[in-house]
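Order of writing sets the chain letters: A, B, C and D. Residues in each chain are counted from 1.
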Amino acid sequence: MASSENNSPDPKKPPVLTGSGSDHPRGSRFRQRLHEIIFEADDFAGALFDVLLLVAIVASIVVVCLDTVPNVGRTADPKVDGPYHGLLSVLSWGFTIFFTLEYLLRMYCVRRPLKYAFSFWGIIDLMSFLPDYLLGFGGIFTRGSFTVIRSLRLLRVFRIFKLGWFQHEAEELGDAVWRSRAKITVFITVVLILVTVAGTLMYEIETWQAADTSQFESIPDGIYWAIVTMTTVGYGDIVPTSAPGKILSAILILIGYSLIIVPTGFVSAEILGQKSTTKTSTRSCPSCISEGHDTDAIFCKHCGERME
Amino acid sequence: MASSENNSPDPKKPPVLTGSGSDHPRGSRFRQRLHEIIFEADDFAGALFDVLLLVAIVASIVVVCLDTVPNVGRTADPKVDGPYHGLLSVLSWGFTIFFTLEYLLRMYCVRRPLKYAFSFWGIIDLMSFLPDYLLGFGGIFTRGSFTVIRSLRLLRVFRIFKLGWFQHEAEELGDAVWRSRAKITVFITVVLILVTVAGTLMYEIETWQAADTSQFESIPDGIYWAIVTMTTVGYGDIVPTSAPGKILSAILILIGYSLIIVPTGFVSAEILGQKSTTKTSTRSCPSCISEGHDTDAIFCKHCGERME
Amino acid sequence: MASSENNSPDPKKPPVLTGSGSDHPRGSRFRQRLHEIIFEADDFAGALFDVLLLVAIVASIVVVCLDTVPNVGRTADPKVDGPYHGLLSVLSWGFTIFFTLEYLLRMYCVRRPLKYAFSFWGIIDLMSFLPDYLLGFGGIFTRGSFTVIRSLRLLRVFRIFKLGWFQHEAEELGDAVWRSRAKITVFITVVLILVTVAGTLMYEIETWQAADTSQFESIPDGIYWAIVTMTTVGYGDIVPTSAPGKILSAILILIGYSLIIVPTGFVSAEILGQKSTTKTSTRSCPSCISEGHDTDAIFCKHCGERME
Amino acid sequence: MASSENNSPDPKKPPVLTGSGSDHPRGSRFRQRLHEIIFEADDFAGALFDVLLLVAIVASIVVVCLDTVPNVGRTADPKVDGPYHGLLSVLSWGFTIFFTLEYLLRMYCVRRPLKYAFSFWGIIDLMSFLPDYLLGFGGIFTRGSFTVIRSLRLLRVFRIFKLGWFQHEAEELGDAVWRSRAKITVFITVVLILVTVAGTLMYEIETWQAADTSQFESIPDGIYWAIVTMTTVGYGDIVPTSAPGKILSAILILIGYSLIIVPTGFVSAEILGQKSTTKTSTRSCPSCISEGHDTDAIFCKHCGERME
């Protein structure tokens, strides 16, 4: 994340760069200062800009949300606007223009605008205002639902917390999930197979045993029910009505209850392993080429050779 | 908590203090004894007072609760009182007077009443009876809902368990949560962003695919549904009715099911880390180069050499 | 558990006891053999008896359950019995007589019948048939609900698994829960206080904001809703209908979602701690009386004295 | 799993086997190549075959599912087919023929066809097309529900991931569950007993306290409710309506909430124990008495002395 945004010309030598503009022709003192404010959060102006941007993002999402609430931004009749629709539209266009300006400023102050434009954050920034213009001149989503992409911009909140420890925690969290990906994939595959079998069985049982009252209209309905059940969500919109259906339901619930504990244990183990295994190094014995030595090993544990 | 209440004059030297009243002019033998009974739970009288207060708190909450039950404290007609409303009102006022007296006694026996009055516990104590008087002479909440603040006084229950190990456990629990705060914040932020995106998507999909049967009236409704779904609560008051909506629902459920395991692992790891990392150091004996010494070790446990 | 049932006369010296009946006048070869079969599961006859008893317990529970199913043991009209009520009644009385005989046999073959009669298992055994006789001659529970106590007898199932490792696991599981009791108590107290505050707030908010549609009839209703919500059960029988109510609901759900992870971590830590902390001993240095030495310590880590 | 499928003649010596067909009379170069493609996934052709088979399995399941969706494969009137029923039937028979051919090819190229036919995977392979033929000529399940067995074939997906680490993870996951089986059995037994007692109590309480509104028609209904409640699924199709029923419900929920944490901790502990206890021993160096040596250490890692 950090590296993809760090488009400032050679951040390691800022004194030289600010002194002369020769090695980056498009650079200027103003542009560099702007870059620091917009892309970094180390000084007061940069942190303030990030907080203001965050407030604007949250406020723009609130405006979009309110515009869909009956008797606020809309009415039961789709042809009649709600009492606050006018105000909310003005605010919404205000935020759209603000985000457009912010995007243009970013394009102006980064050294390689194209690299930024096609980076992950650049595309998200663009998507936060572009749909509004497209929709402003008519579109399938009349209430501007594409503005929801602005919520992705909330991920920028993490940039504020460049205090070291917070960022470190986020990376540690992501690492633990990433290293558990094999087990999580195996687990999700098992769950999906179980859910397919249970959903189909349930559809057949309910259609057979409770033809009149069955709420299972198709096998996909059954699979949806099985997912909702096995993960202990349990909406209750589709429930078995026959006795065999209820027994199958109880069995699936108990299996789900027993299964949910497995990946939890694995992530716990990964996180703990991460902490405790820092001592084991990737050192190799110069004499017998064996591996798995501790970082504090002075002699090879296999051949007794000094390791250094 | 403990220190903010410890207003007794210099608890380190009780023999001198009880002997003379010169260095704390407002102190008296009676007041000191009262302070011990009300604020401490070390001897029988203090423990008895705390248990009595706890019983009064629970009983007063039960009274307030019962007063809102139809055909007990109220009837379907808001103008007609329930059969037990009179009795419950008398009991309620009894508790209010009891808590007022207790508050006044606390103010009397602490050395610095103002410090107590503006402390966390002082404000809670005040709020446990003040609203009753304000509401007694007419107010917006006719059924005395502010008395719910009394339930906050239940937090005092922890004071009874000054037996050492129980308090220690509570602190350890709080510590583990506190040290995981960064990861929990990151986690909750990710959940909130996911929930905003999923809720908006669901509103648009349902409005588009199932315009007549859609239960999603607005984007906030969608976000509420997404929170209820992703945390596996699953009320079922708002559920998708279209096929694409059900597919999105199933995906969100599986993501939520996979995500819930992450912070669990982190708190487990924190608690375990707390236990294992407090004592063992990475020190090595200068004589026999053995490791695994405790941080408080002065001599090597293997060869008896001084460790420095 | 095991010791309370071990009423056989001095199990350490069985050869002497079977040889003479002088030191336990009521003992006989037959009675001893019966005791082995009924109370133990070490040989084939004992294991067979336990399996038969387990089957009888499960079957008797199934019979009681079926007797309450409409159109099986009863009909919609309480005065008309179901088609299988006669058969189920006969089976039910058969199990009652079987359990009575088993109880009498137990009383006969234990050395101290009174001690058995007032032990935990003795009372459960008695309660598994006594209510049937009381109810057989008229009672308040016409459908024999007290026979549910038979399900407590299912706890006997653990007796079958006297294979060592299974019993050990059960004890380890119980130990981990027991040692976490302080933290679980603190946790449940915090949950109960949160639930009381949230339930009352919800009742007031819903009564105020959605007087006509509110499903919260009283504060206890609110507390019930808060428990159902915070534990992620989420029936959906009582749900907020006003916007502020939904916001409060979402906040409570997220708090519950964050809180559930805490005790999980503690039990994990307890179980792991149990395994890893076996190395720290209670040894005390003979020279400086300091504690906390490792089991492998040769010299005191505080004063350098040899420890032995 | 892997060994039951490995029917190739002596996989340890492939060069000799391909050279002569004398010691496996039914073997041929073509048949061996076919065996490699069908049963293994090490080279490109083998991996391609597995991916194609996986796509066919998933597609055939989707076809069966779609055939049950109203207005796609069927209509509300069971005598009238849906608009796409013809197309879906053709596709379904296509997959059936494909799976038949695949089965015959497997029978042809394995050395011991009978061993394969009666192995776990052989039976699943057979069941993936046999019911279609049986049902094609009339049967009780008119919509081909037995084709759901095809979903069991999805378990073959794991064969693709023979990349070493993925298979290892799956085995580790299965091992952790397997080694926790005793604790999980104890736990499920406790849950089942609790659920039986709570369900019966609830049925009696609701029948007694809320005879008119009770949703508990029988004790099995009560047990079903208790399972749904205690595992935090919470459908809401059956809920208590009386005050004592709601109190019992709240207690059962809190017990379930406290219980769910126990097996989680045990699986975590098992996984962690597996990782940490495999390598570190309690061995001590005879020369420098240092500890923390790995079980496979031959020389002391601290002083280089032979350890023996």
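Structure notes:
Everything below uses one rule, namely that a residue touches a chain if its C-beta (ideal position, glycine included) is under 8 Å from a C-beta of that chain, and two chains touch if they have at least 3 such contacts.
Please read these numbers as outputs of a predicted model, since none were measured by experiment.
Residue numbering at the chain C/chain D interface overlaps only partly, since under half of the positions present are found in both copies. Farthest from chain C in terms of Cα centroid separation is A. Note: centroid distance chain A to chain D, computed from Cα atoms, is 29 Å. Once the centre of each chain is set as its mean CA position, chain A and chain B turn out to be 31 Å apart. Inter-chain centre distance (chain B to chain D, centres taken as mean C-alpha positions): 42 Å. Looking at chain C, residues 220, 223, 232-236, 260, 264, 268-269, 272, 296, 298 sit in touch with two or more other chains. Chain A meets chain B in the complex at residues 61, 64-66, 68-70, 141, 145, 148, 151-152, 154-155, 157-158, 165-166, 169-170, 172-173, 176-177, 184, 188, 191, 220-221, 223-224, 227-228, 231-237, 260, 263-264, 267-272, 275, 296, 298. Chain B meets chain A in the complex at residues 182-183, 185-187, 189, 192-193, 196-197, 200-201, 203-204, 217-220, 223, 229, 232-236, 239, 243, 246, 249-250, 253-254, 256-258, 261-262, 264-266, 268-269, 272-273, 282, 284, 289, 291. Put simply, chain C touches chain A in their complex at residues 232-236, 264, 268.
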